[in-house]
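Just below is one structure, and these are the notes that go with it.
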Amino acid sequence: MSKRFWKGIFEENPVLVLMLGLCPALGTTAAVKPALAMGIATAVVLIAVELVMTLLSHAVPEKAFMVVSVLLTAVLTAIAEYVMAQNFPELHEELGIYLPLMAISSVILSRVSAVSKSGSLAEALGDSLGMGIGFVLALAAVSSVRELLGAGTWFGLQVMPEGFQPVAAFSMAPGAFFTVAFLAAAMNVKARRKASETDREGE
Amino acid sequence: MGEKLLVSPSPHVRAKGKTSLIMLLVIVALLPSCVYGVLNFGMHALLILVLSTGSAGAAELVYELVMKKKITVTDGSAAVTGLLIGMNMPPMIAWWIPVIGSVFAIVVVKQLFGGLGRNFMNPALAARCFLVLAFSAQMTAFTTGTGVLSQVTEPTVTAEAAAEADAGANETAGTDADSTATAWTEAQTEAAAKTDADSAATAETEEKGKAAADAKTDADSAATAETEEKGKAAAAAKTDADSAATAETEEKGKAAAVAKTDADSTATAETEETADAASGATAETEAAAPKTETRDSGKLDAVSTATPLKYLKKGQSFDLKALFLGNTPGTIGETSALLLLIGGIFLMLLGVIDWRIPVFYIGSFGVLVLITAAARGYDAPLQYMLQELFAGGLMMGAFFMATDYVSSPYTKSGRILFALIIGVMTWLYRMFGMYKEGVSNAIILANCLTPLIDRLTRPVAFGIRKKEASS
Amino acid sequence: MGVLTFRGGVHPYEGKELSSKKPIEKLDPGPELVYLMSQHIGAPAKPVVAVGDRVLRGQMIGEAGGFVSAPVYASVSGTVKEIGTRKTATGAPATAVIIENDQKYESVSFEGAKLENLSREEILERIRKAGVVGMGGAGFPTAVKLAPKDPSVIDHILVNASECEPYLTSDYRCLMEEPEKIAAGLEVILKLFGPSCEGVICIEDNKLDAAEVMRNTISGKSRMRVAVTKTKYPEGAERSLIKAVTGREVNSSMLPADAGCVVDNVQTVIAVYEAVIEGKPLMERVFTISGDAPKDPKNFRVPVGTPYTRIIEADGGFLGNPEKVISGGPMMGFALADLDVPVTKTSGALTCFLHDPVKNLESGPCIRCGKCIEVCPQRLVPCRLLDIVLHGDMQRFQDEYGMECVACGCCSYNCPAKRPLAVNINAMRGKVLAERKKNRK
């Protein structure tokens, strides 16, 4: 279980390695606050769905599994949206369409179909926690870069010095792509180095 | 025969010419325009050119050292990219912007995709587009020159301006498609003055919202706008000292100057203008604008101004001779159509670039513009077409950007198709789009289509069809 | 006369002036001659003499090894010194009969004949027996080539006097000095085909004087004409020649006969004349030694079997130490590692350079300039084919017409990045052919 957990954070980070959940990763990360909100919301729903589906894996027939998962995700997304709208209306406003999109989030659906079917609660717990936290971290990383370079702030607080000329591109779509790409590349480099190290150790 | 004989596969003779020679010839062809740019815009332009070229070379060298690849800087391709980037910069731009552009072009667009021969887009153009996105305000702040040859010509305004009113409004937002960013950019650049009137005014001023000038119903606003536009002290002469002061302040940082004249109307009109820019509906305000302003040339240094394309966008006419020779505002290397044409013909004669691309590009664009101008009822469609050809980055794009070997198709018919696509796209952008400059985007789009075009136009080998026909 | 040509091709420095004005000189072949048993396409010849045998000039020393094969004849009289293995120009080993020249040049008696008395089969038999093969370089047995499955479809006999390789002037000198033999040989060949078949002597427009000479020689003769083609490399390549003169296209799975053409090198046509009318087997050929290294670039009449070293010696040697000696011309010839190689029926030249023109060329990445595509006479996309070859993708190579390559080298010649196009595409072609052969068995 712990292996799954750590995998979800680094080795198989959903956004930067598995390339899942790119939609929210690109669309909500112009600033750190909405990104964290999105990430946490997704993580919570992911954990809930994955655990429930694992429990149901014996009861639900194979063919109906995905349908049930989607239904469950949609219901939980609706609840999450409602909760957000009630308690954090500005965030809800800012996230716009991305929150309802969580119903078909590739992170949730692919992890469910990968892990829940095995029926092991421990696995599901480790995976969902790991993936969830990994997702939040990834979104935090991307949004930090984008907000720092694109607006000079972090979580709304001015960080960069006065004379700093923000690079508008980073607040916009192209910047999102660049940031995700470079972070994914960095993860890749790290992974390769690690792989060659373990190879050498094996010799 | 004591010495060993050398053995290598045939052919044992080769045509003269190497990759590095080709790059050198391109640089030679670009030099006249560069020299003219420096003479026109001053020593800062020279600094920009040197910095952009140098940083491109340095970026490639550093990347290759760090990634432990073969050092290929001496093949000259980085230098060409860097020089082109420099030539695409407004003359008074901050030094670090072209450096960022060069690094982006070389490292991201070229090296990360595999180095020479593997870039999927023209690196210089990709960098230009990136910079326009990233630093839209600086990239669209054009000034007149401070150089030896600095003479700014006035545009001759024609009646078509009425018809092109919205185009003028639209172009305010035209620097980048995202109106949010525009507003943001405007807000950024006018950091100084924060009063409502000022902000609106300054923002207006910042942008190329010269359309605002036309929108003013009173002479003052008109004068102010003009001053902003061409930075001609003449506007001052037109109204009163206030306007002159406006022009001055313009140049200094565009703060409350405008407010001095008629803050209310200006502000109102300009805010309206900005709002219009966002929404795009300015018919009434624009139509009311006086259409026959005349301007005298001023002798201010580095006054912010607009490029000829802004006028053309509004259907106004610009001095053809000035456009052709290059006595206009614009980026460092793009103004002189004549010198670029000479450079382009030089390269075509030497066989460095394929004539098909510039000829079909300029041809298709010209024909389409001519038809559009006639259809829109312009006074002198042919002259308008020529103005469109010589204004902005079209000449540079046709001869030096679209013809980049790597990102253009390698078959002859492919190149023709490629050029036609760019021609049509540029026409669409210039005539109907929000952008005032469509060349870079059109070329980049076509660059992405290049592999497809290559596949489509792949030749059928000698003798193959015949066989299939007979079998 | 219109200027006939094909699409593509390059214009390397011609270098013909070094030797074009020098008439053919007889060469003393020296004390030892080496007769390779494989001087043609097809099965190697089998030696029919033994060590110690005395042989005469014109005596068969190797008999044909099969249907597609040709016999080999001694070009001097002497004693068989050895039957062993010697290297060809490409470095491959081959069986060879080595004869010690007794310098007496005693010949067998050659039985001449009159063309009107010979039947078609008799003509072909005389050509076959004489060991005539394509002397333009391929070495295909001429008797087989002149007997296609359906002779009635042949309407053009193209005498290939293009000599498009730079520096080579042997064919040109034949045109100037032996035009009657060419005409007579063409007459022989034309007899093998129907009356609708026309003989065309194809000459490039850098040899207009030779064209004039030929025209005068054949004036009045029916079914013969001279065609002048644009000077361009590789005008003399079979497919390009057929395209230029007749407009028809032949691909790699077709024979020229499928396009109604038979193409023969001009020296082959002379050999046909000598074989049929004079009864002489193929024993010698005209050879050019040129380039900037030889003391006196010129043309020799060389007996088959003469070592290259002997030719160089007879020419007065080199002006210095040459860096490269090429068997053949600079575009398609083989760079020799060892000059101890004998002249065969198909080797026509030695091009020698003091400085290797391609010595320090570093190949760079493909800049997609399309220059290779412009010049390929087979309308291929060499840069793309090279990519495919470097990936080892045999199937895609065939799908994209890689097998159509004729190895002319135009692409490599023109590439500004100096990429190794021709050699790799050809290597892959060879691999595919070998693979196909293996699968056939």
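Letters A, B and C name the chains as they come in the text, with residue numbers starting at 1 for each one.
By definition in this document, a contact is a pair of C-beta atoms (placed from the backbone, for glycine too) under 8 Å apart; a residue touches a chain by one contact, two chains touch by 3 or more.
The structure presented is a predicted model; accordingly, all values stated were derived computationally and were not measured.
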Sorted by contact pairs, first entry is B-C
Which chain, with its centre taken as the mean C-alpha position, is closest to the global C-alpha centre? B
Measure off the straight-line distance from the CA centroid of chain A to the CA centroid of chain C, and report it in whole Å. 70
When centres are defined as mean Cα positions, the distance from chain A to chain B in whole Å is 40
Determine the centre-to-centre distance between chain B and chain C, using the mean Cα coordinates as centres, and give it in whole Å. 58
Chain A-touching residues of chain B, taken from the complex the two chains share: 108, 130, 133-136, 176, 178, 181, 184-185, 188
Contact footprint of chain C on chain B as seen in their complex: 1-3, 5-15, 17-19, 21-22, 72, 75, 115-118, 354, 405-406, 408-412, 458-467
Residues of chain A touching chain B in their complex? 165-172, 174-175, 178
Quick check on the complex: what are the chain C residues that touch chain B? 10, 12-13, 166, 239, 243, 248-254, 318, 321-326, 330-339, 351, 353, 356-359, 361, 364-370, 373-374, 377-381, 383, 400-401, 404, 409, 412-418, 420, 422-423
